[in-house]
Every structure is written in C-alpha cells, then in structure tokens.
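Labels run A, B and C following the written order; every chain starts at residue 1.
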Amino acid sequence: MNIDYYSDLTKIRNAKPLVHHITNYVVMNVSANITLSLGASPVMAHARPEVEDMVSIAQVFYMNIGTLSDHWIDAMLAAGRVANKKQVPVLLDPVGAGATKYRTETAKRILKEVKVDVLKGNAGEMQSLAGEKVKVRGVDSVTSAGPETAQALAKEYGLVAVVTGAKDFVSDGRRSAVISNGTDMFSRITGAGCMLGSIIAGFMAVNRDCFTASIEGLVSFEIAGEKAAVRTKLPGSFMTELINEISLLNEDAYKLARVEIK
Amino acid sequence: MNIDYYSDLTKIRNAKPLVHHITNYVVMNVSANITLSLGASPVMAHARPEVEDMVSIAQVFYMNIGTLSDHWIDAMLAAGRVANKKQVPVLLDPVGAGATKYRTETAKRILKEVKVDVLKGNAGEMQSLAGEKVKVRGVDSVTSAGPETAQALAKEYGLVAVVTGAKDFVSDGRRSAVISNGTDMFSRITGAGCMLGSIIAGFMAVNRDCFTASIEGLVSFEIAGEKAAVRTKLPGSFMTELINEISLLNEDAYKLARVEIK
Amino acid sequence: MNIDYYSDLTKIRNAKPLVHHITNYVVMNVSANITLSLGASPVMAHARPEVEDMVSIAQVFYMNIGTLSDHWIDAMLAAGRVANKKQVPVLLDPVGAGATKYRTETAKRILKEVKVDVLKGNAGEMQSLAGEKVKVRGVDSVTSAGPETAQALAKEYGLVAVVTGAKDFVSDGRRSAVISNGTDMFSRITGAGCMLGSIIAGFMAVNRDCFTASIEGLVSFEIAGEKAAVRTKLPGSFMTELINEISLLNEDAYKLARVEIK
C-alpha cells in the first residue's frame, strides 16, 4: 500500500475544505490555527439552532468532548445525524473517556447514535471504550495500549480506530498500521491530541478512505512535531513552532514517515 | 480631513478605557491580549445577571457572534440596551452572517433592537446583511465587496459600516474611506477580524466620531500586521509578532497609512 | 522559617498531580499550558454531571470566576463540597469581585458554602471581599492594598489570603509574608493572575501547609516572569517566554526569591 501524503495535502491546500468543529474551550484557538496552517478552513459552531446548517456546508465534522455540557451533547448528536445523512465524514475524539462516567457514557452514546468514521483517542480513553480494565487520570493517559485495542474498537463499531501514544495504532478492522513518528514535546503542551484531530479531519475531507486519511493526518502532525522539536525543547516556543511547521510541510518532509502497514 | 492617529492612540494608552467584550470562545484570549497591547483594558462578561452592570462601567461595548448560544444573545441584547441608555458606543461583528440562518437572523435582530454605532464584517457577512446575493462558507469570506455595500448598510441602519478585505471600505452614509493597508498573513491566523474589532473599539472609546475611530482602528491594526509580516511569514510566529507590533505602534508608524477619504 | 521551594517543585514534577480547574474561557488554554510547564497535570471540567467525579480524582481544586454563568456556579459549589469531603485542597480566585454585584456575591457565596483553603486576588478584588471601600474597574486592579487586607480576610474566613500587586501579601491569620518578586510585564498580558492560581494550586497539591504553598507558587511564578522579562519586553513574546521559563525553574532560580516572613 502506497500513501501519497503530499498529494492529499496539496488537495487540502487547494480546496480549503470547511472543517466543522464542536470542540472544547481549552483548544478552540489553537485548533482553529492548526487547521488554517494545514490549509483547511475551520469553523466552530455548537448552538443547537445552527449546527445542522453548519455541518451541511462542511466537508468534515469533528466532535471532541474535552469540555462537556448537556446542551453541547445535544448539538453534537444533532449535527452528527445530519452529517450521516449528508455523507459528511465524522471524527470523534473521546477526550477523558474513562476519567468520569459522564465522559465515558457520552462517548458511547455518540458512537451508538451517530455513525462515526474515525474514533481517535489515547490509550486510556480507547481502552475504556473497548471495555478493558484501565487506569485513567484526568485527560492525560497514564497507560499504554497495543494494536489489539484499535482492532477491537474498529470491529465493534465498524470504524477506523486510532490509538495514540509513543507508537500509534490504526485499524479499520481489516488493515492495521503502526506509526512511529512523534516527539515527547507533545506531552508538554495542552491540546496536542485535539490538534491532531483537526489534522486528521482535514485529510478525511479530501480522502474518503478514512484508514489512509488517519495515517496521513498522524504522519503529517507528528513529522511537523519532530521538526518543531528540533527547533526548541521549550513548551511555549514549541507551540508556536508546531503551527509554523504544519504550514511548512512539503513533499520532502514525508520522507521522515515511519509507517508499518499490515 | 486630517486624522491624528497617534494622538488618539496616546489617549487610549493614558486613559486605558475599559472595553467590554461579549465575544466568541475561539478568540477570547488573543482579543484580551491585543486589547492590552493597544493600551486599553479588556473585560469579558456574558452572564445575564451581570452584563448590565459591566457595560455601565465600560467606555465601549463590543459584541461578536462568532460562537453563539441563545442565552448569550439575550445577554448581548440586554447589554446593548443599557449601552445605548448610558451612551456607551457599540460595535457589532456579525461573524458568520450568511453562513447559517441563525447567525444572519441574530445579527439582524441585534441591529433592530440595539443602536449599533459600528458594524464591521468581511465581504460575505456584510453582503448577507445588506441583502445582496452572496456566497458564504463558514466564517472565512470567499467573496469580495465594494464601497457600495458599506454605503448601503450605513444608510439602512444609520451607523458606520466597515467592510474588510484586501481593501477595506468604511462609510457613515455621507463620508467614505478606502484603506489599502494590511497583509495576506491575516488570513493565515484565526481571529484577525475579531482582534480588529477590539482595536476599533479601543479607538471608539476615545473618539466619538465613529467614522474616524474605525479608520484609526483599521490603520493601526493593519500597519502592525504589515510590520509583523516583515518579521515572519509563518503563522504561529506571526500571531506573536502581531501582538508585539500593536504595542510598538508609534507616531512614525502611521506614515505607512494608505487611506483615501471621499 | 525556611522554605524549600525546589524540593516541592521536584515533588510536583515527579508526582504530576491532577489540578482540576473550573476557570474562565479567556485563560483556559494558557492555564493548562502553564500547569503542564510546572510539571503538573491540568484538567478542565465544569459540567454538573461530572464535576464531583473529576474533583474526587484530583489532588487540588482551583475555582476561578473570571467568566461566570449560573450553571457554572452550581458546578463550582458541587465540586467544592466534594473537595471538602475528600480533603482535596481548594483555591478560589475571585476575578472581578467588586466590579459587578454578581461577581462579589458569587465569591462570597462560595466562601460561605465551601471551605476554601487559599483565596487569591488582586487588591481591588480582595478589598471588595473584605468590605473595604474600593475602586474596581473591570478585572484589572486600579488600587493597591497592604498586609492588613490579607490578614483581615485570613481571619474572617479561616484561610490563607493572597493579595497580589507590586508587592504580594500572604497571611494565614497568624503568619504573614511579603513577596517582592515580579515584573511589570505581568500587567501587559491577560491572565497572569489566573495562571498564578494554577501555579499555587500545583504547590498546594504537594504541600498541605497552604501558607507555604502560596509563597512557593508566588515566588516560582514571579521569578519565571522576571526571567522572561529579561528575554523580552514585548507582550506577545513575553507570554511564550513565561511558559518556557516556568519549565526551566531550577534550584538556582530560587536564589532570586525576595520573601519576608513575620
């Protein structure tokens, strides 16, 4: 399997797909900026009266439960249903699943009521959703997972599962991939996982094979992170450099991809 | 007509006027920071029980509908009515008008129920409000407008209309201005338009001729952007440099102003 | 009294305590980032159905009323009660108390219904809560206070009171401290006080003597600020350098501490 990262990145930059986010307050600004840096067009809209209209004009819909409230969940479900109807691909980031019952149940409810195309989370979140015994503390994972968690979730829900960590595992239930790119610096800033969601969503907008789009997003984000980490080991500066490096991704950068597909 | 930009900037820096924002989640942090960099004092308050008190002690009130909810609209209307009563000038940024019915109608409702002094938006937003046929996609404009849109809105609502774009058009229905400052880099970060709103609001707090204050705000923001774009072409770094450059504006900087007034 | 700043900082870096924030929209991103830079683990959760679960797994609970809504107050009170029951230490930042009746009354209500361990605010906020006659304008203090305000609040509410300003005053009703570190640059960025709250909370998680933890937090934050101000006098860059410098704090840095304890 050959993945043409740069060709899909170029499609994003040309088409500037609209990425409808319903995401958490903490990362809204950096998520919008990273989406712009990729070349896509972010929009944040969560009001029940407008989410159906907004998602209808979007090329991809990205839900993130990092800061929840009941009326936001209603909006996510409503937008998700319309996305399904209009064939707008859907990404769910179950931030903090496992940390509180409310988050775990909300993630499961969304998975039940909306056809999610890509489910992306860290080890603790994904293991919680897979029903594995797991230690979760807050929103930062303190555990690690293997490819079997991704495979189990992919099969259970009929989607592409992305389990992030030192190595990232992607599965669509049939195909599997392991990505070894990345940097420890991601754990030193807030919202790295959330921003990765925006990047994967960007690729989903131009490549309907969500397995490939997920790998493209992971590789793009993590290579940009590696390049930013060469520039600085300090967390404030890293955030700035990461946004810069996403905008600088070129064909050459993808030579750094470390992807194993089975 | 002679505009003494630097004199009004100095007034802001001395008086540190309080700029009451009800704005969107995405930009709250950068909007507060750009307001501080200008020399004014930002406050964000949206709770219905306190917005009337807060706007009463403010020197200017800035509403931005970038992320809406019903109870936020109630708060905007309540604060707007008190602002009118207390003669606190009002700026409205109709973010995303035209993209969803909810946003277009909310903007129109505010314009009907509150006396707005300055209405500032991009081409798509302003054309939507002017009833022109227009293509809008999300919150980023994909169209361009001319001075006639500003003039039509200024006359219809009895306010100063500011239509932003490669060239910006300002009209109070009688006087018109075209501003040619700016940089493409504004489109590569999120919230440039929202931050411009904070800067114009700052000038409205010290100059009650809102036509002049709008030009001063546009020119100040766009010259700072030009200077930031000399320092960097990368979006992460540009955001930082933009805030820096606003704080560095001096008398000399305004020699770069490219303003045509009719 | 000898304070071993670096030993407690090292405890934070090793234990990565979970700091549950219910804080304002403006600073959520930078507060999460500064908490990570300190070495602790931030989580933001405000939904009524989950705050009790979240605070139960946290090592410290930090409430900040910078942007209020009624349902957020309910969540703060519920989380505060559980924190008390589980002996999770509680920090309250009464942002804008004195500026609107709603904020003053909310802060007082929290102080009445929750056992707060540390109350931290600027002069205007703290004087308002102490019932002193005071001028408040928005969320930036335009007044100054002395040690007597900290002492009065410490005694009235049985807590550690921290009054920030050019000099900071800390009192637990019995012991008093004056901290003279800091930089004017803090007033040129938004959220310096809110980020200080996160840093003090971090120390509260590893040192149950809240008087000492408050001094440690103040000194750590302000020394990092002094170092950042050596690197830049520009507000955009200062924000980045401040986060960097928090992550760089070492044993040597604390030689700069200027603390007087009585």
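Throughout what follows, a residue touches a chain if its C-beta (ideal position, glycine included) is under 8 Å from a C-beta of that chain, and two chains touch if they have at least 3 such contacts.
Computed from a predicted model, the values in this text were never measured in an experiment.
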Same or different contact residues where chain B meets its copy chain A, judged by the half mark: different
Angle of rotation relating chain A to chain C [CA atoms, steps of 5 degrees]: 120
Inter-chain centre distance, chain A versus chain B - centres from mean C-alpha coordinates, in Å: 33
Shared-contact residues (touching 2 or more other chains) in chain B: 25, 29, 239-240
Partner chain B, residues of chain C touching it in the complex: 24-27, 29-30, 66-70, 96, 99-103, 137-140, 187-191, 234-237, 239-240
Residues of chain A touching chain B in the complex: 18, 20, 25, 28-29, 32-33, 36-37, 41-47, 49-50, 53-54, 57-58, 71, 239-244, 247-248
